[in-house]
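Take a look at this one; I'll ask things after.
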Amino acid sequence: MDTLKQIFSLSLFLASFRFATPLILAALGGIFSERSGVVNIALEGMILIGAFAAVYGSASTGSPWIGVLYSMIAGLAFAAILALVCVTFKANQIVVGTGINIFASGITIFLLQVLFGVKGTSPMVGRLPAYRLFGVRFNPITYIALILVPVVWFIFFKTHWGLRIRSIGEHPAAADTLGISVNKWRFISVLISGVLAGLAGAHLSIGDGSAFVREMSAGRGFIALAAMIFGKWHPFGAFGAAMLFGFAEAIAVRVDFAFIPSELISAIPYVLTLVVLAGFFGKSIPPAASGEPYYKGEK
Amino acid sequence: MAREDNYILDMQNITKIFPGVKANDNVNLSIKKGEIHALVGENGAGKTTLMNVLYGLYDPDGGQVYYEGNKINLDGPQDAIELGIGMVHQHFMLVDPLTVTENIVLGNEPRSGLMLDQKTAKKEVQDISNKYGLFVDPDAKIQDISVGMQQRVEIIKTLYRGAELLIFDEPTAVLTPQEIDELFEIFRSLKEQGKTIIFITHKLKEVKTISDRITVLRSGKSIDTVNTADVTKEDVAELMVGRQVLLEVEKTEAKPGDEIFNVENLNVKDNRDIPVVKDISLSVRKGEILGIAGVEGNGQSELVEAITGLRKIESGKVELRGKDITKYNAREIKREKVAHIPEDRQKRGLIMDFDLKENIILGYHDLEPFSKNGIMNYDNVAQYTQDLIEKYDVRGGGMEAQAKNLSGGNQQKLIVAREFSHDPEFLIASQPTRGVDVGSIEFIHKQIIDRRDNGAGVLLVSAELSEVLSLSDRIAVIFEGEIVDVLKASETNERELGKLMTGSKAEAGGESNE
Amino acid sequence: MNNYSEKIKSVLTDLGLSLLSIVIALIVGTLFIFLTDKSPLDAYSALYIGAFGNFSAIANTLWRSTPLILTGLAVALPFRAGLFNIGAEGQLLMGGFTAGVVGFYFTSLPAFIHLPFAIIAGMLVGGLWGGLPGFLKAKMDVHEVIATIMLNHIAIALTINYGINIFRDTGRPATPRIMESASMFNFKNIMDYPLLSNLPFAELFAQPAIRLHINFFLALIAAVILWYLLFKTTLGYEMRAVGFNPDGAEYGGINASKGIITAMFISGAVAGLAGVGEVLGTHLSFMQGMDAGYGFTGIAVALIGQTHPIGVILGGILFGALAQGGLEMQFSGIPSEIVMLIQALVIFFVAALQVFKVYLAKRKAKGGVE
Amino acid sequence: PAAAQDTRVGIVLSTGGLGDLSFNDAAYRGLQRAEEELGISFDYIEPADPSEDQTALRRFASRGYDLVIGVGFQMADSLTTVAGEYPDTKFAHVDQFFEDIPENIVSLNFAEWEGSFLAGALAALTSESGNVGFVGGVDFALIHRFEGGFYQGARYINPDIEIQSRYADDFGDPARGREIALGMIDDGADVIYHAAGGTGSGVFQAAEEEDIYAIGVDSNQNYVAPGYVIASMLKKVDNAVFDTVKSVVEGNYQGGNNLYFTLADGGVDLTSLTEVGQPVLDAHENGTITDEGLETIREMKENVTSPYADRIAEIKEMIINGEIEVENWGETGRPDNL
């Protein structure tokens, strides 16, 4: 049948990777922050600011690579706000996250006007070149995302940094009694999550795209959050989940379903996910201490 | 300036205040190098707080600390660790999903390049464990190992960081008799290696056995420091509580009535789906206490969870007053006037973030007078709470305080107060006096006996052999999920039980069964 | 037991800190305003006047805060039961859409049937949309955060994309206008009702500019009911127990699944009511864009109100004022995105300053003992 | 008639606000022109969400603005309400037909289907693969007008042309736009027309990457991806708004009308297939596109579109004089069997 032919086509497979890339990156970011005990629902805003910074970098320097750099710096800067307010000042992570998301929408539109004199869509800028590897063509950020999956796994499960971050997310008091600075490591982890989310933004705006459009993150930060939980806070798990989402989104934009009204096709990824989760999937248990600010000497 | 030079530690006029509580009030504590120093006191006396101050976890509101003659200022545990102070906490500081090795090296991990050097780490762990005879499985996850091993992990953690002064906060509370003996062996070998030990416990027997000197705290103040040789258990108890305490349980001969509770061929699995209760049959009569003696991890926890409706029963039958309650859930069982003191007070027994008044009705919250057609009556609850915390002498903060801010022992008293106050006809008590001070132990034991004498049946599960022996009328010994023998308490002794508990069949020592 | 004066105190400190943080946020906000050659003073007086300047401004601030209070409550209740409901957005859409359809579909019902019918239908569907993730969580261990995020997207497709198309009459991407009989009482029409018209201050309401409708009072009632439910009923006790410690709750004979599902159902219904009000009270039809991200702002509202129903009311009014005053700022020449930025700043600082409450509490306690 | 210099116009834009490269921007342009040419003054509001529309409109009316304009469908009800409260104020509305329109409202509507018909025809003419595509923003009546016109236009030129059509369900998600376009290109499309706001910029990217042609919408978007956007379907909201302001200034404002701007009066149109349009030159002026960018556009016009200029002009004539009747899918609904 025609629908099946479309589903199993190579081009659909490639599209899945392109859709999955920002989800993979942001989800890995989310893993860093949540494994250290900081809930990060600001991924959405960090993606958005990253996407903008990338376009600005590419436009102002003419080099999309600088754009990528800018995107990571922007993500880092936003993460720094989250870390400062939530880790240092122990404010509620979810409120601040929400604040950052609103802030990101505002500031990007504002800067769009200051820097490009437009309010909705930036002019097209130089985008990253796509490279052909093993017969497929992707922009470098997709490759980076794919490489980062094992790298992040390595960091978490093979290095002492990973060990410390995991212990802090599970039992900060224990880490503290061993003289590990809970706040320092949380700070670092949150910053890393910002860098990765920023990179995800760059993929949207100058990786596969070549312009910034207001609100172009279009909820992907939250989907990434879902992918992270779906993947049980594990890099490979999150990767798998992100690929599933990517695949489903690709189906939604490419495959024709005679039996589904066109308006409902965009819902396919989400229904699919629910079915998968409800059908055959174990419990996702978050890091024990995630979401809770750490106060010394609390019982 | 510290007093003498052979003092490794000298804490002077330490004061620490928590919202509403003066946990330490000008406390003095001096420790000689190489001694085993017992720190005793009632629940809430301030022992743990004092040690947390010494370990740099709390900064005191007053007082000075001298270590090896120099005044020290601790910004955090790191400083304490560097000075050679190690602490094994009352509630273990272990990260469940991580392995033993990972927990031990956490914080100063051996590395090779970028990698965490698992091999070296493992080797160092093994070395220490051999040197001090601390057996652990380096690759096991904390969540999968016994409490005893978790404690050995905590000890290795401190030694790995070159601790000279080791603090043990109620290390024996959670140990089986065998494990306690092993622990004391470890203490001795540590002492031989010139280490100094501060040892908090509520068990005066242990104080007498192992310590050189004793410091007593009472409601935040240091009362006295004495040489263990010069005092009797009773003396220490009196110092702690400020009055005479009965260390021996007084009880009259039981007058068992007819059977109230029995289980037949019960089979239960644990969380990893391994059968841990195998065809157990038991029966408890009105007015008697059936003790279950056994080394922890032989199925008694699962047994209790199963008969209290907290764990699935694979097969078998549970009857109360002849009524089949096998399929009942926790609520329905409670309604049958069954009271349950759970072994894990923090995980099961309490909602740590609830205040006392909310905790003291847990499980009875939907009954009058606390609740009427779905509406809570917090005035009644408050009144009720006030009465109980006075009656059971639960200290720390009053009824608006959160349970998590109570000291360990007071948390236990809170649970006892709750469970004993609905005149249960059948009472299941596991580890009822774990971490509880002598005064409270006396009190709780007395309560249990009273229940019995009022005709309630009691199922007592305790790792504390002396407790089982002194309270029970009959004793069932559990080993690897099976009841290996049922004995009259009056006709057996620790030796015999110890043997049965560890699998070696009874030889002589009173005929078994009735 | 000076328990209550204690509480009042803590509430006052709360309010004081919130105000302080708002002030600081506005001061930081001036940085952005300077970037737009406008005077912060004008901007902020506009903000104030727009939100509280006169009677109709205040009324409209309350009107704007209505959906925020409701979505805030929809996040707060499950939060107390240990659940994070990111799904208020979807629940709002489902509820609003249902009310919209019921509102136009039944052409000949008397108001006293039609309106309640539409409201209940909307709340019910919203409730089911919230109960579903509750059920998935309780019975299948599906993490509620994923489930609710997914259901948000599904709700958008079902209502805004699909639902509107099947019921659309004209070119508007909106369902047909609702019947008069299904519309919520709007205060500007107060004079049409003899009973109300001779209430004191009635005429104050009788201005065309006033958009406040009864849903605000339904929101207040909802808040009180939830507060009562949480802190005064057995169910609430059980929900909070499950939220803090499921194992302990199980030991206490509490059925966690029941708590989870009920909490999510109720919160869905409350979020649904937010949508219902927007449709039956504000827009008079279910239209694209009416959800306006209330579900997400609701998260901030809930947590700024410390997931306490009464706190949520205050949080909702704060955000309502920012929205209402923000529009006025635009009239004083501040572009909309700057308004957004200032709103975000307020959130940051309100959140951050809650921290000092903890320290204050600690200090106070120390003083108390000595 | 009020003297021009003290004529004040207030406009409440549709949510999405400025930068939509569509009616908001266009309406704004129209007012700027009125400011320059007629010397009026104007203020604008970008509501954060539909709840703010009514309040915003009312503020303008209550402050005695001479003309108050509302943009976008969701404004219609609010505008009617406010117009009722201020019978002496003149109102205008962009993009919504009013069943019974009050005396002080003029409603400005556009026959997008006619313009889109030309876009469809051009697509069919330039397509070599006989396969063209349409990418819509959100699947609803307003966008169906564009889709319908395009569909009929393409079929008019080539009855058995393959036409792909898909909605992104989002006006602001270029990534989706791009993937949809790439999908269509995979399936053989070589000209794609979009009516999807920001999502459309993804379509242009895809066209550039895969070296096929795209057609812009609403305003002149030919400069966005130089050489790949062969034309744009113009919806001259700016002119309509300008004329309305003019009518107010000159005192011949005709309220109570639903005006339709069509090909006939240039309210909708296709960008010139031979000349480079002013907006493109402006874009070149302010550096948005480079010299060679401009050059490529010139070459493209010359080689790709100008050959069909006459044919399109002829079709346009036939639509105007009614020889071709274009169906408005916004009214008739979107046929299911596409």
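Lettered A, B, C and D in written order, each chain numbered from 1.
FYI, a residue touches a chain if its C-beta (ideal position, glycine included) is under 8 Å from a C-beta of that chain, and two chains touch if they have at least 3 such contacts.
Fair warning: this is a prediction, and the values are worked out from it, not measured in the lab.
J.: Per the contact rule at the top, check every chain pair and give me the one with the most C-beta pairs in contact.
T.: So the chains sharing the most C-beta contacts are A-C.
J.: Could you find the chain whose CA centre sits the greatest distance from that of chain B?
T.: D
J.: Measuring centre to centre with CA averages, how many angstrom lie between chain B and chain C?
T.: Between these chains, centre-to-centre, one finds 47 Å.
J.: Roughly how far is chain B from chain D, centre to centre by C-alpha average, rounded to an integer in Å?
T.: 76
J.: Determine the centre-to-centre distance between chain A and chain C, using the mean Cα coordinates as centres, and give it in whole Å.
T.: So the centroids are 28 Å from each other.
J.: Any idea how many Å lie between the Cα centroids of chain C and chain D?
T.: Computed from C-alpha means, the inter-chain centre distance equals 36 Å.
J.: For chain C, give me the residues that contact two or more of the other chains.
T.: As it turns out, chain C has residues touching two or more other chains at 156-157, 161, 165, 335, 339-340.
J.: At least two partner chains per residue is the criterion; list those residues in chain D.
T.: 17, 139, 169
J.: Which residue numbers or ranges of chain A touch two or more of the other chains?
T.: 109, 263, 266, in rising order.
J.: Got a list of which chains touch which?
T.: The set of touching chain pairs is A-B, A-C, A-D, B-C, C-D.
J.: Chain C touches which residues of chain B in the complex?
T.: It comes out as residues 17-22, 61, 308-310, 329-334, 340, 342, 347-354, 358, 362-363, 365-366, 371, 374-376, 378, 382, 400.
J.: Which chain C residues qualify as touching chain D in the complex?
T.: Contact set of chain C toward chain D: 60, 64, 156-157, 160-161, 164-165, 168, 170-174, 177, 208-209, 211, 278, 282-285, 287-290, 292-293, 323-324, 326-328, 330-331, 335-336, 339-340.
J.: Applying the document's contact rule, which stretches of chain A touch chain D when the two form their complex?
T.: It comes out as residues 9, 11, 15, 18-19, 109, 112, 117-121, 123-124, 127, 204, 208-211, 213-216, 218, 249-250, 253-254, 262-263, 265-266.
J.: What residues on chain D touch chain C, complex-wise?
T.: 15, 17, 43, 45-52, 54-56, 58-59, 62, 73-74, 76-77, 81, 85, 96-97, 99, 138-142, 169, 330-331
J.: Would you tell me which residues of chain B are touching chain A in their complex?
T.: Chain B residues touching chain A: 52, 55, 57-58, 76-78, 81, 87, 89, 93-98, 102-103, 106-107, 109, 111, 114-116, 157, 404-405.
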